[in-house]
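Same chain, two partners: chain A is paired with chain B first, then with chain C.
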Partner chain A sequence: MVIINRYKHANQLLVGFENFPYAEIHIFVLFFLYILTRNEVKSGGRSDLIPTIKFRHCSLLRNRRCAVAYLYDRLLRIRALRWEYGSVLPNALRFHMSAEEVEWFNHYKKSLATYMRSLGGDEGLDITQDMKPPKSLYIEVRCLKDYGEFEVDDGTSVLLKKNSQHFLPRWKCEQLVRQGVLEHVLS
Partner chain B sequence: MFVSDFRKEFYEVVQSQRVLLFVASDVDALCACKILQALFQCDHVQYTLVPVSGWQELETAFLEHKEQFHYFVLINCGANVDLLDILQPDEEAVFFVCDTHRPVNVVNVYNEAQIKLLIKQDDDLEVPAYDDIFRDDEEEEAEEHSGSESDNGSEPSEKRTRLEEEVVAQTMKRRQRREWEARRRDILFDYEQYEYHGTSSAMVMFDLAWMMSKDLNDMLWWAIVGLTGQWVQDKITQMKYVTDVGILQRHVSRHNHRNEDEEHALSVDCTRISFEYDLRLALYQHWSLHDSLCNTCYTAARFKLWSVHGQKRLQEFLADVGLPLKQVKQKFQSMDISLKENLREMIEESANKFGMKDMRVQTFSIHFGFKHKFLASDVAFATMSLMESPEKDDSGTDNFIQALDSLSRSNLDKLYHGLELAKKQLRATQQTIASCLCTNLVISQGPFLYCSLMEGTPDIVLFSKPASLSLLSRHLLKSFVFSTKNRRCKLLPLVMAAPLSVEQGTVTVVGIPPETDSSDRKNFFGRAFEKAAEGTNSRTLHNHFDLSVIELKAEDRSKFLDALVSLLS
Partner chain C sequence: MSEAYFRVESGALGPEENFLSLDDILMSHEKLPVRTETAMPRLGAFLLERSGGAETDHAIPQGSKLELPLWLAKGLFDNKRRIISVELPKIYQQGWRTVFSADANVVDLHKLGPHFYGFGSQLLHFDSPENADISESLLQTFIGRFRRIMDSSQNAYNEDTSALVARLDEMERGLFQTGQKGLNDFQCWEKGQASQITASSLVQNYKKRKLTDMEG
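The block that comes next holds the complex of A and B.
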C-alpha cells in the first residue's frame, strides 16, 4: 500500500505536465505491469515474479528521481530569468512555462521585491542592476540589430539602428546588453 | 563660418550636449573619428556614431536622427556642397564640419549661424570675398518700386523728363547687375572647378586634443595613419605630406623621447612610435621582399614588370643589391639577419642606379611587444582593404565597423586579416594593370585616356568600390606613363570604368588627373562629369563624397563619353 501511495504521488506530479510524454508513458507502463505482476503474485501464488517486481520498483523510483531533477532545474532557470530579463518576461518565454511555474515566478518576484525594498533606507536598493562591478559611468555600445527608439534620461531618445555606435550611461544600456541588442565595445 | 578657437567654439559647446557623428568611409575619417571618440569618452559626452558612405545615406540618416539631436559633427563629408540645401535642417541644428574636401562651398563659409567649419584657415583656401558673390537684392527692388510709384503724382512734362532719367538709371543698374552676375559666375566657376584635398581631419582632431592637453600616443598614431592614408591614395602632394610629417615628428619625439635613452627605456610591451626613413615598398615587412617589389606601384611601373624585359631588370636589380633570389622570395621575417641589416641603404643605392630616386620615404612605425611592428602605410592599406572588402555586407556598414575596430590595439587579429586582404588587393591591382597594358585596353579619346574593365575580368568584384577603383586607376595611369612612347599621351588624364552591379547594369566611373612630377592633385572631373551628365540626360548617380566618382547606367556610357570628349576638348 505504501508503494502504491508513493506512485500515486509521482503520478500527481506528472499529471499537469506536458513536457515529457515519453517518460510519462514509460512510468505508466511500468506501473501497470507492476500492478499486474503483483496481482499475479498475490492471487496466482507466483512468488518467482518477486524479483521482477523489485526491478520494476527500482526503475519507477529512478524515473521519478529524473523527473524531479528536471523540474528542479527548470525552477532554477526560471529564477535566473528574473535576474536576466527583469519583472516582465517576454511572451515567447511565458508560452513555454506551465501555469504552476508562472505562479512560482510571481511569488519569487514578490519576495525579491519585498527584500529589495527592505534594504537601503526608504527607497530600497535595486540589486539586479550592476551585477559586475562597473568600471565607468558611460560605456560604448554597438547596436547589433535594429531596435528602434530608446529613451535616454533627459527625455530625448536615441534611434538604435544596426551598426551604429553609441556612448550612453551604463545603467540604461545594461538591460539591452543582456538581451543581446547592444554589444559592449571594448577599446 | 570658420571656427577660430576649436576648443571654445566647438568642444566646450558640445561637451554638455548629445552629439551625432556622421563619419565618411575612408581611412582619414576613421582615424579622426577614433580620436574624437577617445576625447568624448574621456569627458563623458554622449554621442551616437553613424557611418555614411554617400550623400543618400547621409540624407537618410539625418532624417532619421534629426528629431533627437541638435548638434551634428560631420567628418570628411559635407564641406563641398550646400549643406543646408541638401539636409533642410531645423533652425536650431548646428553642424560642425571637419572635412578634407576642397573647395569649401561658399554658402558653408558665409553662414554664421548653423555651419561651423573645423578647418584650418592657413590651408590655401582662396575663398572669394563676400561682396563678390552675395549681394543685398532687396534694396535694389525697393528703389525700383519707389521710383515707379512716385511718378504717378507729378505733372506730365516733368514726368516725362523724370521718366527718361529713371529709365536711363534703371538701364544702367540692370547693366551693372548683369556685369556683376557674369563676374560672379566666373569667380565661382574658377573657385569650384578643381577638387582637391586639404589637411587630414585626423591631424585636425589631434591638434584639438593637443590644445586641450589630452593627447596620447594612441591618438598620435591615428593622426599618423590618417595622414599616411591620404598620401597612399595620392590625395595630397608630396610637399604637403613632407610638411605634415615634420609637424607630426615633433609630436612623436615629444611623446616617445624616453625610448632613445638607454637607462630609462620603457618596457618592450609599451607602445612606441618612431620616425623612420623607410623603403617605399608596400607591406614589405609582412610579405616577402620579392612580392612587395612586384606589387608596389612605384617599383612595378619603373621596372615595367608587365613585360619579360621588366622581369629581367628586376633580377638584375636584386643581383645588384646582393640579395639571393631564394632569400628574397621568403617571408621577410625569415630572411637572414645579415641581409636585413643594411637592407634599406643597399636598396636605396641600387635603386638610384636604376632610376628610382625616391625609394625611401619619411614615415613612422609603431612597436608593441616583440612581434608587433607596423609601418603607418601597412595600417593604412589594411584599413582600406577592410573597408572595401568584397565580403558579404548586408547593411553596408559591417565593413566600416570592422575597419574601425582594427585600429584599436586590442584587435590585432582584425589588423592582420586586413593585411592579408591588402596583399590580395595589391596583387589583383598589379595583375589587372599588367593585363590592361598588355592588351592595350587604355585608349586615347582625345582629351583624355579611357579604360574600361570588362565583366569577366578576374577579381573584378574587388574594383567596384570607389577607393579601390581609384587606386587601380592611379596606378594604371602611372604605369601607362612609363609604358607609352607617345609624349602627348603622357600628359593626359584618365577616365576608368568598371562594372558595379550586373542586375542593375551600372558601372562606376572614376576620373584621375594627369600624372606630372609637380602635379598639385587638382581634379576637374567632378564638374566635368556633372556637366556631361546634364547635357546628355544620362542616368547618373553622384553619390560619393568625392565628386569625381560616379555611377552610370551602362547603356548611357557612349553618349556620356562623347559629351565628355566634346566638353574637354
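The block that comes next holds the complex of A and C.
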C-alpha cells in the first residue's frame, strides 16, 4: 500500500510508465488472498473471517482507485499537451507515454480536427490558435535555439539561428513560440 | 492564463470525495484512531506486536486500539459498529475546538494535519454525537481565517510567500494560490503583457527538469 503513494507524488507525465507493473502485482496478490479467504468462509463456515475479507476488499478498492486516478491524471496532461504544444509531440515526450496513451492522443487529435473543420464555414477554424487575444498581425520574435530554415507565406525563407530577431506574421510563429523555439518580444 | 490542464478537484468538503481526485486520495491517507470491536484473523502480520500469535490465526484481538487510514476506516465502519468503532482525533475534540473559537488565526493548521478541513468534513460520516459541534467549529475556524488569507494573497505581488502560507492547510493554500494567480494575471494585463504569447508551461518545466537531470 505504501508503493501506491509514490505514484501520487510522481504526478508528472515525465515519469516512466514502466513502474506500473508493481502495482498490478500487488493487486493480483491481494485478489488471490481474497478469493481464498472467501471460499473458506463459504465452504468452511468460518464467518469470523469476514472482517479480514472486508479489509482486503478495501485494500483492493484503494489500489484500484490510486491506479485509475494516476492514469486519468496522465490522460488529462496528455490532452493539455495537444492544446499547449501542438499536434506533433517531440520524441522525448512520446517515449514516456504508453502505446495506449499515444493511441488516445491520436484519437483526440482526430476528434479535435474534425470538430474544428466543422466550424466557420468551408475551411474550418483553428481554435488552438490565438489563445491570447492578438493585438497585431505581425510580431517581433527572438530565436532561442537553432531551428534552421523557416518558410514564410510569400516564399521567402528565414534562417532561425540562436539570438536572431525577426518580424514575422503571428499565425506562423505562434506554434513555435509555444514550443519554446522562439520568444515573443514586446517592444 | 492559457492553461489547458484542469485537474480533478477535491470533493472532500462536500458529501463524498471525488474518486479520481488526487488531492482526495492524499487526504484520505491520513490516519485516525480506531478501536476494533471484533477479532480480525490473519491480519496480525501487519501489526506484529498486537497479533495473537499462531494459535489465534495471527489475529488482531478484539478491543485493540489501532491507527488506520481514513479510507480503511470508512470501508470497515458501519452503523452497527460490528468491526470497528472510530474515535475522534484530538484536534476535532472539545479541547481544540475551544482553542479555535478563541482565535483561529494563530493556529498552525498545516502542522495539525495538512488536510484539516477535508478530513474533518469526511469525519462526519462516522456518526459521532459531536458531529454538529465539529461542523460548526470547522465553519467558524474557516470564517476566522479567511480574511487574512484573502488579504495576503491579493497583496503579495512578486514576493516570497512562504511565511504567509506556512500555517495554512491544503485547502487554504489552494485558495491562496487562486488569489495569487488572479493578482498576477491582473498585473500582467496592466503591464500590457496579456497578448504576449508564452511558451507552454509543460515545455518550460521539461526544460528545467532536463537541466537538473544533466547536472545531477
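To be clear about the criterion, the second predicted complex is superposed on the first by the 151 of 187 C-alpha atoms of A that agree within 3 Å, B and C clash if a C-alpha of one lies under 4 Å from a C-alpha of the other, contacts with A are read in each partner's own complex, and residues count from 1 in each chain.
Please note the rule applied: a residue touches a chain if its C-beta (ideal position, glycine included) is under 8 Å from a C-beta of that chain, and two chains touch if they have at least 3 such contacts.
Please read these numbers as outputs of a predicted model, since none were measured by experiment.
Q: Using the superposition on chain A, tell me whether chain B and chain C clash or fit.
A: fit
Q: For A:155, decide between first (touching chain B), second (touching chain C), both and neither.
A: neither
Q: Counting residues of chain A in contact, which comes out ahead: chain B or chain C?
A: C
Q: Taking the superposition on A as described, I'd like to know which of chain B and chain C A:121 touches: first, second, both or neither.
A: neither
Q: After the superposition on A, what does A:186 contact: first (chain B), second (chain C), both or neither?
A: both
Q: Regarding the shared-chain residue A:58, is it in contact with chain B (first), chain C (second), both, or neither?
A: A:58: touches chain C, not chain B.
Q: Would you check which partner chain A:164 touches, where first means chain B only, second means chain C only, and both and neither mean what they say?
A: So A:164 only meets chain B here.
Q: Report, in whole Å, the shortest distance between any C-alpha atom of chain B and any C-alpha atom of chain C after the two complexes are superposed.
A: Between chain B and chain C, the shortest C-alpha distance works out to 9 Å.
Q: Can you give me the overlap between the chain B contact set and the chain C contact set on chain A?
A: On chain A, the overlap between the chain B and chain C contacts is residues 186.
Q: Could you list, by residue number, the parts of chain B that touch chain A in their complex?
A: 18, 37-38, 40-41, 44-51, 64-65, 68, 395, 397-398, 400-401, 405, 408, 410
Q: In the complex formed with chain C, which residues of chain A make contact?
A: Chain A residues touching chain C: 5, 8, 11-14, 37, 48-49, 51-52, 54-55, 57-59, 61-62, 65-66, 68-70, 72-73, 76-77, 79-85, 92-93, 131-135, 139, 174, 177-180, 183-184, 186.
Q: Where on chain C is chain A touching in the complex?
A: Interface residues on chain C, with respect to chain A: 1-8, 19-22, 25-26, 29, 38-43, 71-72, 75-76, 83, 192-207, 209.
Q: Any idea which chain A residues touch chain B in the complex?
A: For chain A paired with chain B, touching residues are 137-138, 140, 142, 152, 156-159, 161-169, 185-187.
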